[in-house]
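Pasting a structure below so you can have a look.
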Amino acid sequence: MKPYRLAARDGKDTIIEIVGNDGSCLIGEGYCTIIAGPCAVESEDSILTAARLVKELGAHILRGGAFKPRTSPYSFPGLGVHGLELLALARKETGLPIVTEVLDVRDIDRVLEVADIVQVGSRNMHNYPLLRELSRCKIPVLLKRGYAATVEEWLLAAEYLMAGGNEQVILCERGIRTFENMTRNTVDIGVVPLLKELSHLPVIVDPSHATGKWQMVRPVAKAAIAAGADGLMIEVHPHPETALSDGEQSLNGGNFSRLMDEIRALARLEGKKM
Amino acid sequence: MKPYRLAARDGKDTIIEIVGNDGSCLIGEGYCTIIAGPCAVESEDSILTAARLVKELGAHILRGGAFKPRTSPYSFPGLGVHGLELLALARKETGLPIVTEVLDVRDIDRVLEVADIVQVGSRNMHNYPLLRELSRCKIPVLLKRGYAATVEEWLLAAEYLMAGGNEQVILCERGIRTFENMTRNTVDIGVVPLLKELSHLPVIVDPSHATGKWQMVRPVAKAAIAAGADGLMIEVHPHPETALSDGEQSLNGGNFSRLMDEIRALARLEGKKM
Amino acid sequence: MKPYRLAARDGKDTIIEIVGNDGSCLIGEGYCTIIAGPCAVESEDSILTAARLVKELGAHILRGGAFKPRTSPYSFPGLGVHGLELLALARKETGLPIVTEVLDVRDIDRVLEVADIVQVGSRNMHNYPLLRELSRCKIPVLLKRGYAATVEEWLLAAEYLMAGGNEQVILCERGIRTFENMTRNTVDIGVVPLLKELSHLPVIVDPSHATGKWQMVRPVAKAAIAAGADGLMIEVHPHPETALSDGEQSLNGGNFSRLMDEIRALARLEGKKM
Amino acid sequence: MKPYRLAARDGKDTIIEIVGNDGSCLIGEGYCTIIAGPCAVESEDSILTAARLVKELGAHILRGGAFKPRTSPYSFPGLGVHGLELLALARKETGLPIVTEVLDVRDIDRVLEVADIVQVGSRNMHNYPLLRELSRCKIPVLLKRGYAATVEEWLLAAEYLMAGGNEQVILCERGIRTFENMTRNTVDIGVVPLLKELSHLPVIVDPSHATGKWQMVRPVAKAAIAAGADGLMIEVHPHPETALSDGEQSLNGGNFSRLMDEIRALARLEGKKM
């Protein structure tokens, strides 16, 4: 018997509505939903420029980190509450729904004031107190796979969210840790069809963290959609060379535009609405 | 400085012509070449049926193992020389070029009498005497990635082949070993764009060994082509449920037909000849 | 330059005093300190029996989980606050100092009332809010290695603790996740000398979680001390066959007694006080 | 049912006698047998110096590579047949039995003229034609674990050797490939007790390849013996700084002497003859 119950496939696919400032979008089987934006919110000017850019190029949802989990205590940890305020501004200005990460149970309320989707990052997939709190919230949760989590552990983390009553869970593959170190992580493309078989939850892929190199983002993004993913999470920065974090894996406007064109053609071929 | 030289990208892409009994095909950038057939040659009837099936459905090259590397000394090791004879028959009957594996330096001459491409399997990627012998042959070599080999080690294995004068090397990703065990291996889709950047050699993907589950073969095959692969190697068996090896990951005719239709549409979108 | 500073070796070794209800012990270079007890606190009777048993056999510190991180939301999560009360009782009764895990920043104060060492478990090594809070506490922290964390990431997690002013950090290797699945984890014995070279912090090993099999605990425990570890963390349960969690990797009294005898002889040979 | 039969434990332990030019030694349960010498045979002077050094310091068997598997076709491949002649000289001069690697089935006869133990290296553990040929020889085989082989695959490789009639198989753990890259490999110390439970074959450990750093060789060697290993394989070079390969992981005379002293004390404690 499978150790997860609520996350297990039972016939129907879960499709989640994400409501922004003006309008909404859907994530799930049959759709191709694009989340884009910078790794971190860096300043008012930079997040507004990025938000307008990705909106104009067709992204459905804006990403941006206010609270950043950083391996070193000396790295830029994000703007925190001020970052949330800037995201609220970008939300109002562009109408795009917002996804942003929460690290600390004590920040949940503040994040919920701004976010339309709350992200649980790879390093918090096993943070059970955080999952339990979010299971009591009425907000979609984007649950990234732990960087060395098995598919079963990942689905059990989703189960934590669902067991408390929150059924709006989006699974996001972001690459796993292997012996190969020419890329930042190894994107496990096979989990896309595997999760579609095991679960009814939407599955998206983040090719930016998965590869760590902007040159690889476009081909891996296309692979994800061809494999059946319901969407993508892409790091886009107006000027990647000046980004405070993850510049190497961020697309600039031109590259994101090209990616969107190719993804649109692919989505059409696959019969996915975008 | 890169430790490999001849395998390193230098501007042009290598395109390899494979000549069968009547006609030929190309492998490399701009093409989408399909290799298909059973894991092992099992009998005259079964290999001929499989060969006709994959030819009819549009495969360009027939695969079939006469010498099989098996983890256990008690498993079916392939039909050996008799298997080669049956492959020769299938080659004559269908006109399809043949790819088959060689395990032992002492078998190279016999394999070369039949094969149009020689396969070096995953477990022999580090078999340097075998690579050195093949580097002196005038035959294309399909070099599978070692199941835990880094990209650099893989390109150095290609370098072994090229250093002796054989420039006809095809790289084949077939999944790597990771902590995840719900799938047989983890297909490293990112190596497709990575190899295209580092090397001029053709890159194909084997989604059958990579996943170990026939249900996952079609989505992962599509992912490979969308990521930029130059072709696929697919296990097809007329009756997978009776296969002596790898039945779980083999497509039957109906599923291979569906895969070919979808790959054709994708190849067209990507501007690849097929 | 190394990305960690405070955790980096600078000549002297850190030796940490652990103060229990009557008396204290030291952890660090030159000592061999044994932490033992059950995976989880299950009942008053069971924790007191276990505490008396490990004390009698020579353990220096009692372990026992009140808050348990569990992969499934349906597994026994520990007794929580009541478990802390039972640990306080065992502390009072036996005089042994207590180490217990904290998962949630909101539980830190309550855990600090009882614990003499706070444990950060493998799944929380990247829980930066938790590390930041503990960095402001005046209590030794036992920092388990993330199950797929590199040595550098682990030392940076220690750096988080130290950067806020808490210098009492004990590193605990508990096995890493690899492709091998005959054991629960793969104990990375090489990190013991590696950490001794890179850092001044005490290093201990948990052979119970690392192997997942009680039969392997004794040999791996001895390996750890022979490799230079400053101590061990061992799961001991009066009746492993009835344990609510981790029974398979727990030693009973007889096996723990034998382990202690052999560790004592080894510590003497290595010139370590025990 | 276990997939291996002849390699499976059946009560008694296999103890193998290794016969050199004058005298012999035993490998197996109850003994602590030391194999030492340089990575590669480099010259007459250097191998004789190394052989005398390790003999004087108490090694039982001399190691030295004549045929070297190298990742790059441009690296020093060993002296080949001339290397074998130099090993024969060292064997005659010191009386030490010789272990050396064979890569190519066509070299087996020549290697057998000199070697007292034939080594199958990590990259050839899956080279089934080589294993089958060696299974027909009357010579002990030191079978290194494939760098990413599971314990089951490793025991099945031993089964290949035994299935042909060669029962003199020595298992050698040499580290596995993981995500950690601060060390060359991760030594899987837990396999020592695991193999002792599963199999009757002798188990030794190579801490030199396992760690890749000479500073870590001594502690890991001690860990191996404490965990129950029947011996060690140690790279020793009179002048590691000038070695043509693996200098970084080779001990010089002084360090090897210290290691031998500590191993002797440990073997005495463990009741192993040395």
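Read from first to last, the chains carry the letters A, B, C and D; within each, the first residue is number 1.
As a convention for this text, a contact is a pair of C-beta atoms (placed from the backbone, for glycine too) under 8 Å apart; a residue touches a chain by one contact, two chains touch by 3 or more.
Fair warning: this is a prediction, and the values are worked out from it, not measured in the lab.
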Moving step by step through touching chains, the smallest count that connects chain A to chain C is 1
Rounded to a multiple of 5 degrees, the Cα superposition angle from chain A to chain B is 180
By Cα centroid distance, the chain farthest from chain C is B
More contacting C-beta pairs: B-C or B-D? The answer is B-D
The distance between the C-alpha centres of chain B and chain D, rounded to whole Å, is 35
Whole-Å distance, C-alpha centre of chain B to that of chain C, is 49
Chain B touches at least 2 other chains through residues 148, 177-179, 181
The residues of chain B that touch chain A in their complex are 148, 150-152, 176, 178-183, 186-190, 192-194, 197, 210-211, 215-216, 219-220, 222-228, 265-266, 269
Listed in rising order, chain D residues that touch chain B in their complex are 3-4, 69-74, 103-106, 123-124, 126-129, 132, 147-148, 153, 156, 159-160, 163, 177
Residue set of chain B touching chain C in the complex reads 148, 177-179, 181
